[in-house]
Amino acid sequence: MSKEVFKGKNIKIELENGVVISKDKLIIAGPCAIESYDQLFNTAKFVKSLGANVLRGGAYKPRTSPFSFQGLKEEGLEILKSVKKEVEIPVITELMDVRDLDRVYDVADIIQIGSRNMHNFSLLIEVGKQDKPVFLKRGMSATIKEWINAAEYIAMGGNTNIIMCERGIRTYNDYTRNTLDLAAVPIIKKETGLPVVVDPSHGTGIRELIRPMSLAAFAAGADGIMVEVHPDPENALSDGAQSLNFDEFEELIKSLKNGAM
Amino acid sequence: MSKEVFKGKNIKIELENGVVISKDKLIIAGPCAIESYDQLFNTAKFVKSLGANVLRGGAYKPRTSPFSFQGLKEEGLEILKSVKKEVEIPVITELMDVRDLDRVYDVADIIQIGSRNMHNFSLLIEVGKQDKPVFLKRGMSATIKEWINAAEYIAMGGNTNIIMCERGIRTYNDYTRNTLDLAAVPIIKKETGLPVVVDPSHGTGIRELIRPMSLAAFAAGADGIMVEVHPDPENALSDGAQSLNFDEFEELIKSLKNGAM
Amino acid sequence: MSKEVFKGKNIKIELENGVVISKDKLIIAGPCAIESYDQLFNTAKFVKSLGANVLRGGAYKPRTSPFSFQGLKEEGLEILKSVKKEVEIPVITELMDVRDLDRVYDVADIIQIGSRNMHNFSLLIEVGKQDKPVFLKRGMSATIKEWINAAEYIAMGGNTNIIMCERGIRTYNDYTRNTLDLAAVPIIKKETGLPVVVDPSHGTGIRELIRPMSLAAFAAGADGIMVEVHPDPENALSDGAQSLNFDEFEELIKSLKNGAM
Amino acid sequence: MSKEVFKGKNIKIELENGVVISKDKLIIAGPCAIESYDQLFNTAKFVKSLGANVLRGGAYKPRTSPFSFQGLKEEGLEILKSVKKEVEIPVITELMDVRDLDRVYDVADIIQIGSRNMHNFSLLIEVGKQDKPVFLKRGMSATIKEWINAAEYIAMGGNTNIIMCERGIRTYNDYTRNTLDLAAVPIIKKETGLPVVVDPSHGTGIRELIRPMSLAAFAAGADGIMVEVHPDPENALSDGAQSLNFDEFEELIKSLKNGAM
């Protein structure tokens, strides 16, 4: 596989707040989609206070249906920029279109490539040419090899600061939204040496499963987790069923401190 | 589902050679990738002489590995343009990047969106704003609903001239490259009224299965097939194992005339 | 694979009504479960009058839930025996338990091994030791190789009169009950030479898809189809949604005569 | 689902060595197949000395191919009986055929139903009528609901001492033998209250992944693990690639003591 590309590179990604990936454990938290300044600001304050070290928040949202809420786009990026400065927390946000790269680059500390774009090779090539860390979500039905190939597309441009994100794969299993493939964590680490973060929110689609799957992810060797947190999940504009409210996030952090991290 | 969007629209797509989709059966044939003028010209002459009514040929190739042949790109489009004119046959070619739309539009009679980009919503939105027919391949693990949603992204821009292409889905089954889901043919026709073309080359990945699966596709109600034909499959730069040579294509056409079409 | 086991054996299975598999096309029709004498008798008369050459009817029913109707068992076998004699049509019925072999042998012209028992090796070994043809349904997630291995378990006992039945595989696809893998038809014929029958009722789970998928099955080279027919599908004790009523079965037969067979 | 069947039942299974499931964590270890007295005795002594509280060893082996080693059968059961007595450790072994129930009952402390027989309803019904705990492996492509339904078949006979075993599901993913679905652990516990054991050996098929997946299993809430241990995995008659040698098992136990249990 791709051992030649990544081998021996000691991937060490430093964020502005001093967090060093993959020395420090990453707790990436925040809403699926940015809905308003207040929503993002309150969430950011809260999750930071509990130890989250990166804020997530989507401005461009890849939605299956064109009739669903598509994100606040540029307005969302503006909000993200303000909150990042106000709350002093690094931020990650998704890039869906090569034409938005400059705008996203301007705000993001980490640029996310979503599952639906893992095979969007033009996009991979472009983020490989810039210098911010790239967060590469596994495609919905990507093999380990294809996922690593996607990372190679990025690395080809010179940027090897890649964080691999396991977010569940599509199987016949209909109880959970996806099937979280935690074996991918040690596999990716062995095959590439890249840091691996697990997203139990998308990986299960069920709020109650986020805590046990976060604990399991760290036990399997993950370098971090990405979880959706929303002040009011019932009224979230997207992914409410898999978002934690503030109390639930607090419990998650307690469990992690007692155990896995 | 999306009956509101497509319902009642009598999709009728006319090509320059007088072919009317979905009245006439589409036989789309040609190489996976354009490799040279001679390769494409000879293939085009041959497949047209046997009744193929659209020539396929990839200039931009989405390859899983960045180290595989990526297509001749602009040079490939130039070759396609010449051959199209010389042989007088409409052509289909893939668009992978919104920034290449004008170049592809200039040559293509039908613009192909590949499986890996079925969820590249920016690309879908852009091809929805132009007036050439769009050939929408099903994503590797797309549900029927997601595939129709992708068509809706295109239709939203005003372009409902969409041809849906079933090309096999990813399953546990390891004998064939993909599992050809022929039930999708009557399902898509019922749910949307859009024409459906089947690609048995990608759908099976095995040369010997192209003939029976083409017959089965027409029996299931398909409006056409897309097959890979190469003068010398053993030395093809991509997808050789699933390409027909000229003799095999001739036999396929004979079988179709005896039977299904 | 298993070419050594089956190779060169010219599988030729003769039924009492003169049907020779795989020279004649098999039309196996009847209810999922035997519910009463009248239900089975009327169905048998009707499907035979239209050209069905084997009657199906389950006495032992493998149901996912223990709280669902489990079949009439011995009483069902008695009904099947009477109807078979009265209507003069060969019958196929499922064997689920080695301890019922004698009882099923006494009635059946073809013994069915269901999907859920494709890996029940004890059962395979027993039916391999008796002399009636065995109808081996593909397991829900069996690979081609595993399915052939199961046939080898039967053949080991001396019985190579095996009919392979493609009935759809389990995939992520949620529109149909299963994904009908028609490529399996030419593959199994090439790898083993055994006759292959397709079950579009279980393969799709949707009544409207039975006709196009039956046509496609024959076009792909199938030696027969197995379809569920019930006098009153809405009130069937099992699998009503995928059963044809009498009128629908008549239309299916007309389509087949006009086309594929 | 099946909350009615299991709800409120406080499943408490006591083994002869005082182990109480699910109060104590289960460490089930031993060879895939019993090959000889020495092989089993040495393994049993060793794993017990490190804290394993149940010995596994297959006498009847369900092998995909009829030409593979099928287990020592009755001779294997005799060996298991002697070793159990000599080493003083409870044993688990698989039952594949209703006709072997008495023989297996005579030796086993826990009766295993393998993945391939999860839908063998006759077998489920029979083990539901006897009083030893049943270890129910999830079928290769069983949904959560179907797996619970299988447990209900057992419970119907009066035996609710059921241990559910997650052993990986079949997906498109080709890096590991199966995809270990750890989310099933909290789901089964919530839906049924039954104890859940994870089998990382079959769940991954790769020796190196057993340690991280065992840790992850306990972190997700599992009541135990089942691992394959063999004195000489390279020369094992089955499943060598996923078996631990003695040193590797020792390391696994150390990791578990440092962490998860």
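The letters A, B, C and D name the chains in turn, as written, and every chain counts its residues from 1.
In this section, a residue touches a chain if its C-beta (ideal position, glycine included) is under 8 Å from a C-beta of that chain, and two chains touch if they have at least 3 such contacts.
Which protein is which chain? UniProt says A, B, C, D = 3-deoxy-D-arabinoheptulosonate-7-phosphate synthase.
Every value quoted in this text rests on a predicted model; they were computed, and no experiment measured them.
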item	value
Contact-richer chain pair [A-C vs A-D]	A-D
Centroid distance [mean C-alpha coordinates] between subunit D and subunit A, Å	36
Centroid spacing, where centroids are CA-atom means, of subunit A and subunit C in whole angstrom	48
Residues of subunit B engaged with two or more neighbouring chains	141, 145, 170-172, 174
Pairwise touch network: line, ring, star, complete, or other	complete
Contact set on subunit A toward subunit B in their complex	62-67, 96-99, 116-117, 119-122, 140-141, 145-146, 149, 152-153, 156, 170
Subunit C-facing residues of subunit B, complex	141, 143-145, 169, 171-176, 179-183, 185-187, 190, 203-204, 208-209, 212-213, 215-221, 259-260
Subunit D to subunit B touching residues, read off their complex	141, 170-172, 174
